[in-house]
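Order of writing sets the labels: A, B, C and D. Residues in every chain begin at 1.
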Amino acid sequence: MLKGLSRAGLGSIGSDEHLIAAAGKYGFHTVDIDARGLIDRNGLEGARALLAKYDVAIGSIGLSVEWRNSEEKFREGLSRLADDAAAAAALGCRACCTYVLPATNDKAAHFAVIATRRLRTCAQILGAYGIRLGLEFVGPHHLRTAWANPFLWTLEETLDWIAAIGEPNVGLLFDSYHWYTNGLTVADIEALSPEQIVHVHINDAPDVPVEEARDNGRLYPGEGVIDLAGFLSALNGIGYKGSVTQEILAAEPPAQSPEELLVRSQRAYDRVYKAAGLA
Amino acid sequence: MLKGLSRAGLGSIGSDEHLIAAAGKYGFHTVDIDARGLIDRNGLEGARALLAKYDVAIGSIGLSVEWRNSEEKFREGLSRLADDAAAAAALGCRACCTYVLPATNDKAAHFAVIATRRLRTCAQILGAYGIRLGLEFVGPHHLRTAWANPFLWTLEETLDWIAAIGEPNVGLLFDSYHWYTNGLTVADIEALSPEQIVHVHINDAPDVPVEEARDNGRLYPGEGVIDLAGFLSALNGIGYKGSVTQEILAAEPPAQSPEELLVRSQRAYDRVYKAAGLA
Amino acid sequence: MLKGLSRAGLGSIGSDEHLIAAAGKYGFHTVDIDARGLIDRNGLEGARALLAKYDVAIGSIGLSVEWRNSEEKFREGLSRLADDAAAAAALGCRACCTYVLPATNDKAAHFAVIATRRLRTCAQILGAYGIRLGLEFVGPHHLRTAWANPFLWTLEETLDWIAAIGEPNVGLLFDSYHWYTNGLTVADIEALSPEQIVHVHINDAPDVPVEEARDNGRLYPGEGVIDLAGFLSALNGIGYKGSVTQEILAAEPPAQSPEELLVRSQRAYDRVYKAAGLA
Amino acid sequence: MLKGLSRAGLGSIGSDEHLIAAAGKYGFHTVDIDARGLIDRNGLEGARALLAKYDVAIGSIGLSVEWRNSEEKFREGLSRLADDAAAAAALGCRACCTYVLPATNDKAAHFAVIATRRLRTCAQILGAYGIRLGLEFVGPHHLRTAWANPFLWTLEETLDWIAAIGEPNVGLLFDSYHWYTNGLTVADIEALSPEQIVHVHINDAPDVPVEEARDNGRLYPGEGVIDLAGFLSALNGIGYKGSVTQEILAAEPPAQSPEELLVRSQRAYDRVYKAAGLA
């Protein structure tokens, strides 16, 4: 499994170009960045050369389409999506991800059917470029009541949603924090096939009752209470070969410098990969 | 538009064979019956001969698949569905309908995505036989709170759901009672294309505040307060050519005999068709 | 049914802006033009104002995606398609059409499955904007052997292809020349539902054996041997309400001026509409 | 990877019940049989008990739907398919397979689009029961001209067809004979993801020019010239975990007894698995 970095947890890491260089320097294989922006600034060949120089690939791009609001906003995003997908494909990236909030101010069933159609359209466009769409279920309990009506947050619900979307290239973004806050187990991972997982996020949770773990209260891997050894060895056991990307969402900017945070991240990965019996 | 009969509103009308004969006798063009049962009892040629004898067609069959409960129940129904569809197709019927309760005890978003997948599968099987699936939105206000969580009941929501299901052969069962209890207008019908409508139900509502109209408190066409002239002329105006089938759901069995109810139904249709400027 | 103009048959008619003005002046309701170009040159409000000024709508845009060649070319077209669709939708256009050559130098079955996937993707993107995709089957016999392997050219084959594509918003571009050169009849039109037809082309054929009618040997409506009265009255009879757009493909540029050709087209429409018992 | 048996290559092996017992006795993990027949004869519990007794699972059922001929035949098969799928699912089988002849007497493009729709419907019904559909491309050169028009026979074409079918549960039946007769390499397998492969067949080819290898001239694994060590290790390397099922199609019934053929098959598997560095 590839070690990946996102910007979340690295403080003021600077440009995506700098993130790529830092990833390469600190032993990471992938970065989650905006592929189109990288090409816009460096040209296609320049972008490829930069990634090649640091032996870093793009783990996933974010879904830029606004699928949660008005139809007008949604449509505006669709033409950008084809460009995003073309850029990602040109740089060898095969994943595009979005998150699913566990509650909504809209009527839940109506929002569900509208979002099903919209995400299907997104998946169809991405699929034309060989890119998969990953849906991230979001576990922290406080978010389930942060909007008026409960939406979808469990693994089972998300798999049922993926089946409703019905496109071959839709799967999960599997985040250790949401695995933990949903009370899932190693057996729940072992019941999955690797192709059901488009992308993985890793981070840790503080030693508070699981119901109190805040979405923006995440820790570096191995600094908290999540069984990340079990998480990683189960993912590896089922044959998942993609990125495991750090995403440390926090209420406050980190006190350390980007360099210190990169060292901390590198050590965190060494620790949890070793605990999982990997490399 | 074809005048159609269902059993609802005809009391103890007897067998489907009798319903067919009665429909023919009282000037109706279609009946909503179980096509497979008709073939089972009469053979395919016998069933065709019976329909031909009375110049009556089958307007719609009901969806026998249980799509609202367990996956096991759902799967059990699927093999029956192919047989139902084969029987209906053999008798020239092109419609299969189900209703959508406006509330559910399940978590609404989760039920929405599961039902989306299940109804898509039903539509796909029906589609293999050239049969369309009609979804009936249900308007009476009291049903919206009859189960724990609100589901889908408006025209707009149902059209959005049909788009989420995403099969070419899914459309609306458009019932005058649900049109009325949703506060819809002639303009809402005029905004539709005829192919969006798979089947039509007609009946009337008592002169009570619309919020108090009970689902099982329906009247014969023209005996109540619904603008059925507007309803019918709008449907005709957009080019709808299918069945307009009487469905009188009532709390108590009717006091009249089936013969009297047939006469009453025939006169009801004559009245509202005439008011709509139709033949 | 709306009277429509394309550029084909009007000689050096000039800009799309001029075509719109000419259409309005000569009693046509729609034009087939590049919606995006119109907006690019006039702004959205300017484009809308121009169409409103002449009381002309856009009948159909052309599918700009290159779905017949390499995957690379196909993908390049997809992001443009979303922009095309957005522009068409903003101007109220609901149709986008492409033609299907009756033979191919590719292996026919392989091309069929690749094109099925590509046109589905196109339909999905168009569908997100409420636009339908019309496929034009092409009848002239000489084209069936103009490339190495026979592809699809009959109505039945095209309907089967539409079913294989499987999206609700795909239908036919029905051209009188291809209806004629396929040996189709009024009954073949009467067997269709109006929603199966996305767009209609009209033109006439010379008095030669049907096998010898050349694709670029078309005449103005009523100047040849096609039963256009039957064609139009059948389309009207099934409830088709869209554009009937003139497309006169010819080997040589016309000898008359655009003004003369517009008069000729207007008279041609008056003649065949009258013969069909319309307007 | 599971060692699997089909009837092909075992002579007069007798009933499926006997095949199950023989598979268990000779170290095979799966059998390709008719799941519904097994339940019909033994009851569901009896069928489960029999499989459990011999520690044998069902590798794949055959697709009983006739998708190559008339629409009528196709529809007749659909209701059986739901029953087949229910039976297979009840016994834990997750695969249903069919083969694709490399030529057809039908017009190739038309047959391609009809078959695309039909196989999609089959996949949709199977998918409702959690079963995947495997398409077997067929490589022997003589079959490519055995009917009038070339159809699909390469890996690339079949993957393109699977994309055209467009259902998440469709993949390949990958047969070593067709891999060999198509001139494919280990690298072609390594380019696949394991989820693209629904089922695997294994057998060997005689030492004749590849163009002359007959479809019914197959040998037991390891008795011919196919690089089965490369075949198996590549499949294992990409993470394929399903059945590798023997299928020895031959022009004449084998001279040996079923017992002798089972011993021969067992030794054949031991040999090629060992050569591939497995078990």
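Criterion: a residue touches a chain if its C-beta (ideal position, glycine included) is under 8 Å from a C-beta of that chain, and two chains touch if they have at least 3 such contacts.
Since the structure is predicted, the reported quantities are computational estimates derived from the model, not experimental observations.
Engineer: Any idea whether B-C or C-D has more C-beta pairs in contact?
Structural biologist: Between B-C and C-D, the larger count of C-beta pairs in contact belongs to C-D.
Engineer: Same or different: at the chain A/chain C interface, is the fraction of residue numbers used by both copies above or below half?
Structural biologist: Counting shared over all numbers used gives more than one half: same.
Engineer: Could you work out which pair in A-D, A-B or A-C copies the interface of B-D, where over half of the contact pairs coincide by residue number?
Structural biologist: A-C
Engineer: Chain B to chain C: how many Å between their CA centres?
Structural biologist: About 37 Å separates the centre of chain B from that of chain C.
Engineer: Between chain C and chain D, what's the gap in Å when you average each chain's C-alpha atoms?
Structural biologist: 45
Engineer: Could you list which residues of chain C touch at least two other chains?
Structural biologist: In chain C, residues 120, 166 touch at least two other chains, as defined above.
Engineer: Mind listing the chain D positions that touch chain A in their complex?
Structural biologist: 166-168, 193-195, 239
Engineer: Enumerate the contact residues on chain B facing chain A in the complex.
Structural biologist: 107-114, 116-117, 120, 149-152, 157, 160-161, 163-164, 166
Engineer: In the complex formed with chain D, which residues of chain B make contact?
Structural biologist: Chain B residues touching chain D: 74-76, 78-79, 81-83, 86, 89, 120-121, 124-125, 127-129.
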